[in-house]
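By letter and in written order, the chains are A, B, C, D and E; residue numbering begins at 1 in each of them.
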Amino acid sequence: MSDTVTSETVIEVSGLGKQFVKDAVGIVALRDFDLTIAQGSFVTVLGRSGCGKSTMLNLLAGLTTPTSGTVSYRGRPVAGPRTEVGYLTQSDTLMPWRSVHKNVELPLEIAGVPAQRRTEHAAELIGKVGLEGFERHYPRELSGGMRRRVSLARMLAGDPETLLMDEPFGALDAQLRGELQAELLRLWADGGQTVVFVTHDIEEALLLGDRVVVLGPVGRIVLDRPIDLPRPRDADELRIDPEFVALHRELTAALREGAR
Amino acid sequence: AQRSSTTPPGVLNVGQISNSLAFFPLFVAEQKGYFAEEGVKLGERPRLGTGAKVAAALKSGSIDLGAGVMTDALNLARIDDKGRLVANLVDRYYVDVVVGASFAGASPSDPLDQRIRALRGKKIGITGPGSGTEALVTYLFAKAGMNSATDSELVNLGSTAAAALGALKGGRVDALAFFQPIAQQATAAGIGVRFISPAAGDVPGLERTSHGVVFTTQRIIDKKPKEVAAFQNALGRAQRFIHQADTGEIIRLLGLYLKGIDPKALTELPALMRSEIPESIGFSRSSFDTAIGFHRVTGLVKHLPSYEQIVPPALRTNAT
Amino acid sequence: MTAIQTVRLDRSWWGRHGGTATVWSLRALLVVALLVVWELTAERWFDITFTSKPSDIWTRLVQWHQDGTLWSNTWITVQEVVYGFLLGAAAGALTGFVLASARAFYQVLDPFIMALYAIPKVALAPLFIVWFGIGMSMKVLLAAATVFFLVFLNVAAGVREVDRGLIDAVRLMGGGRRDILVKVVVPSSMTGLLTGLKVAIPYALIGAVIGELVASNRGLGYLINDAAAQFDTAGVFATLVVLSVIAALLNLVVGLLDRRASRWKPLGEER
Amino acid sequence: MTAIQTVRLDRSWWGRHGGTATVWSLRALLVVALLVVWELTAERWFDITFTSKPSDIWTRLVQWHQDGTLWSNTWITVQEVVYGFLLGAAAGALTGFVLASARAFYQVLDPFIMALYAIPKVALAPLFIVWFGIGMSMKVLLAAATVFFLVFLNVAAGVREVDRGLIDAVRLMGGGRRDILVKVVVPSSMTGLLTGLKVAIPYALIGAVIGELVASNRGLGYLINDAAAQFDTAGVFATLVVLSVIAALLNLVVGLLDRRASRWKPLGEER
Amino acid sequence: MSDTVTSETVIEVSGLGKQFVKDAVGIVALRDFDLTIAQGSFVTVLGRSGCGKSTMLNLLAGLTTPTSGTVSYRGRPVAGPRTEVGYLTQSDTLMPWRSVHKNVELPLEIAGVPAQRRTEHAAELIGKVGLEGFERHYPRELSGGMRRRVSLARMLAGDPETLLMDEPFGALDAQLRGELQAELLRLWADGGQTVVFVTHDIEEALLLGDRVVVLGPVGRIVLDRPIDLPRPRDADELRIDPEFVALHRELTAALREGAR
């Protein structure tokens, strides 16, 4: 994509490939993947189930090593996870032996924040995701959507400058999702974070992103386009906005094409 | 790792193999306060089970004196040419052969040769390989012109009476060669009877032999001469006491020593003690030579030392 | 938002402690039943000279209690066991956490550890005596050596099972090796550690007792040996009873630890 | 729909077996290093009468090999160990799976099991002799008794950890107790079973050897005893070497089982 | 609700309550819940995250025992799980040591179906959920959405007459979701199954259900109404159907009310 790494590029991926070894054959999860993400952008990623979205995020986060190609963060190659990057993984990774409160505190503990400030900050975040009263519950005592929200709070506690989110709101009801989307947008607007947001919901992709990337099999980029719908975007109004409807159609078509 | 004694002056640690009858004089000297009177304190008194462990403890400096059988002393002398004898505790071979109550081959009153031949092809329980109990069987079989390794099956039962008697009672072995008072215990429990007893003079040529001994190394004798001498004096007094005191007193002391033993087994013991424990701690050349001869015949110890080498001059008695 | 709705539970004493009470009364019942059956059938079914019977054992315990033999010897063994257990468990847990996290290294060392572990300690008794003497430290080390391997191997197995996702979560938060160990590996392999501890308790006892059999004039091992040498079966069993009680108490302690560490786990009340 | 895309991997011999080869060569290197250090420092640092040295041990092994002592005795011990291990492991695993699934029952029995487990088997040698004789069966049972508890306790701990959700899944499919056991509990507590097996291997050996120390005239335990009585330290160590080799072989077998049972697990290659 | 249990009632719930015990207080997850589900109906359930939907399904399936009240299935009280009921739980319960194929076969194994038939039936179902080629993969080698589809195939393998589904399609892309929705509807239309379908997606609730139930906190029923949109319903067409839009508004309002 961009030939020179400008100061604005946060993540640059080129020729990325990832194979998993199974029974002496290689399963290709991602092939020749290129992507450049600019500082402060909100990129939503759509794609079929199994097309390599989570694999891509794992690579961006430095959790796994690519089979080929490189990932660089602010110009430097990514060799392992970095504190500046927060990653909300698709599957639940709350510590089952820690209460909600303790789970949200964890990144702060690791960063060495004093106990008093930790407690306050965690309480605030728990409130933001609507879980006050459940501080002392263990993850197994929560509903699926509640666990997801705790994970979100935990990620935010690390105060990352780049957010990778893998279907964060899929398990939440419409209203709560709306509230948290708004919260996320507020955060983003205020703090200038960079967000890469994987979702299955085309509407959500359009509602949040200022750029949407649609992936086909093994991470082939089927569509990569900016979304210039005016902000703030309201779901109810958007639904009847002709531009939105056109975009929706376009993405649906791209997804369908990606399936082939 | 050649460490010398770790005990403070005036104290001796005495390791013994077990609480068998042979070490009764030690107990008596302690009970009667002879050690204190002679000016030595006994520190640790570990029971070590085997001669190898006594030797290890001696070498590590954990104990100053070891109480065991002649075999252990000779073995020590073999690996350490400074091994020395300190006291003669028992001058008889205090291992008995016991057979089950229903043993068919021969009766205890038959001639020795017939009794030995009756053991042919039998399973005989011993305490362990290389022990004095195995040696006795080897010796007896050799006397009758047989070979214990091929003409019998020797089974190691360890050195606790309970296991040995269990095996005999359960019919797992036909006979036991074991330390005294196995015969008395077997009789008291109705499990078996004494069959061959060298200590009772059953075996010609093995009537008197130094068997229960205290030993150490020349290094300790040099380092703690006063303490060792005091120890020897106290033991001598204890051995004289055993011969002179009245039977009731001996029984009382034995009862304390062998806690938990069947009282029926106790009554025969005072007489036995008096016949086996010498009145002095010295080693006569004849007893010593019998022991050496016995070890040579049975092949228990390679490279046997001489009388002059391991019996210190003060302990060389000339009694026949 | 989702306000939490709670109700006060008004549970009776029975509601709260009924389960525990039932378990303990069943246990007591079982003990009594076993003792009665043993006492009644001792002479008929078993050979009493080798199995003794509860009343004789009790007599011996009372006797030992009166002349002080019981307590002085028990105290010594308890000390050895506790020190040996703590030492072995601490060393085993530490080594387990560290080695199992360094996988390749562990893989190379594994056969050596197993070979060391497989050596019957009794066979090394002379070496132990030469190196560590015949005092308490030798018995403590013998107990610790046995405990070490059991705890180590169980912890190592637990560490291997740690969920990769949780480790990754800590790495994403910028946690280093130490954080991973403390925040994930240790809590997550608690079951392994606790199983190791539970499995090792008896071996702390057995180790100490073996040490006392090797070289001692005190302690429960000495008592057993002495009683066996005098063919005093009641004495042997009396000592075994004391050993079992010590084991049961230590087991209770580990059980409490387990309960504390497992508070977050589902109760599994329903089946 | 999502078609699967694969590529053929053209990995060299080194790519496939390089890891294993490295591990084995490191192990061999370590053995050699240990032996050399031991041999060179034997006389200076240790007391050779109690620690022997590799060349002496090797001489003794060769000698025993030539006169047949080695193989006849090893064969006997191997038989005892293998039978004891199989018997104890089977009984332990079975009891573990069954008892741990009946939670309340297990809770009541737990202290009794621990009490039995804590009894030093050596102390029961007379009873074992009376009941089971001095033949091979006694040693097999002694080995099995030790193995039993280790496998049992590890399996029981594994069963306790089984994911409730998986059990519920089988219940939803109409599965009964048997299905739950076979389809969920057994595969899911495989780690516990394998740890139990691994931990128990040395005890199968130690059990058999202790049995041979107590009542035998054959086997490696007898050899140790014999050598020790003659102050033949090289002989003791030679026997220990043989024991370690047997343990290592059994460990290899359990390792293979482990690898088979863990095929579904992530490799955790990256860290 | 209905006073007499007609032959058409499959599940009848009355006065159902569920409390979880935590630190000596009771956490109410469901209180005084009543519901009657008729044979052959397709009931969609909407509700806020944490309002008790999964708890309710667990009780219907007989996985947990209620603190108060009763659940009856065809007039008989439910004491434990029943073979006629299939339940796709919210969280993943695939056996990690079984391959995809073996996982889907599991219910057939338990039912004692011969190996040959098992293999065929499983292969067919794996095809239906779009996972051919992945038969020999283990669950950890699949993406989140793929795991979800395996669970679905496994549930269908049991051939249940009543289906309880807890957010089955939440983790799937729009197109795949559409396909599987269609598949589910076909199954339902052909076989006369009864379906209770929990979802967070109002559109999905309207697209599938012929009755929608909206739950508020602790399972209070905020709205329970039949959906009589004509079938087959097409997502794209519906979105501009005035009746649909009205229903969407109604449900959104109900959800919002339930939040209070």
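To be clear about the criterion, contacts are C-beta pairs under 8 Å (C-beta built on N, C-alpha and C of every residue); 3 or more make two chains touch, one makes a residue touch a chain.
Chain identities (UniProt): A, E = NitT/TauT family transport system ATP-binding protein; C, D = NitT/TauT family transport system permease protein.
As the structure is a computational prediction, the values presented were derived from the model and not from experiment.
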{"item": "Third chains touching both subunit B and subunit A", "value": "C, D"}
{"item": "Equivalent interface positions on subunit C and subunit D, same or different at half", "value": "same"}
{"item": "Which of C-E and A-C has more C-beta contact pairs", "value": "A-C"}
{"item": "Approximate Å spacing (C-alpha centroids) for the pair subunit A, subunit D", "value": "48"}
{"item": "Chain centre separation (subunit C, subunit D; CA means) in Å", "value": "19"}
{"item": "Chain centre separation (subunit B, subunit D; CA means) in Å", "value": "40"}
{"item": "Junction residues of subunit B - those touching two or more other chains", "value": "1, 52, 55-56, 59, 160, 162-163, 165-166, 169"}
{"item": "Multi-partner residues of subunit A (at least 2 other chains)", "value": "27, 48-50, 91, 146, 176, 259"}
{"item": "Per-residue overlap in subunit C, given as positions that touch at least 2 other chains", "value": "1-4, 47, 50, 126-127, 130, 213, 228, 233, 236, 266"}
{"item": "Listing of all chain pairs that touch each other, if any do", "value": "A-C, A-D, A-E, B-C, B-D, C-D, C-E, D-E"}
{"item": "Residue ranges of subunit C in contact with subunit B within the complex", "value": "47, 49-50, 60, 125-127, 129-131, 133-135, 213-217, 222, 225-236"}
{"item": "Subunit B residues touching subunit D - in the complex, by the definition given at the top", "value": "1-2, 50-52, 55-56, 59, 75, 78-80, 128-131, 153-158, 160, 162-163, 165-167, 169-170, 172-173"}
{"item": "List of subunit B residues in touch with subunit C within their complex", "value": "1, 6, 15, 18-20, 44-49, 52-53, 55-57, 59-63, 159-163, 165-166, 169, 185, 189, 191, 258-262"}
{"item": "Touch list for subunit A against partner subunit E, complex", "value": "20, 22-23, 27, 46-50, 53-54, 90-91, 136-137, 141-146, 149, 167, 170-177, 200-202, 239, 252, 255-256, 259"}
{"item": "Residues of subunit D that touch subunit A when the two form their complex", "value": "1-9, 11, 270"}
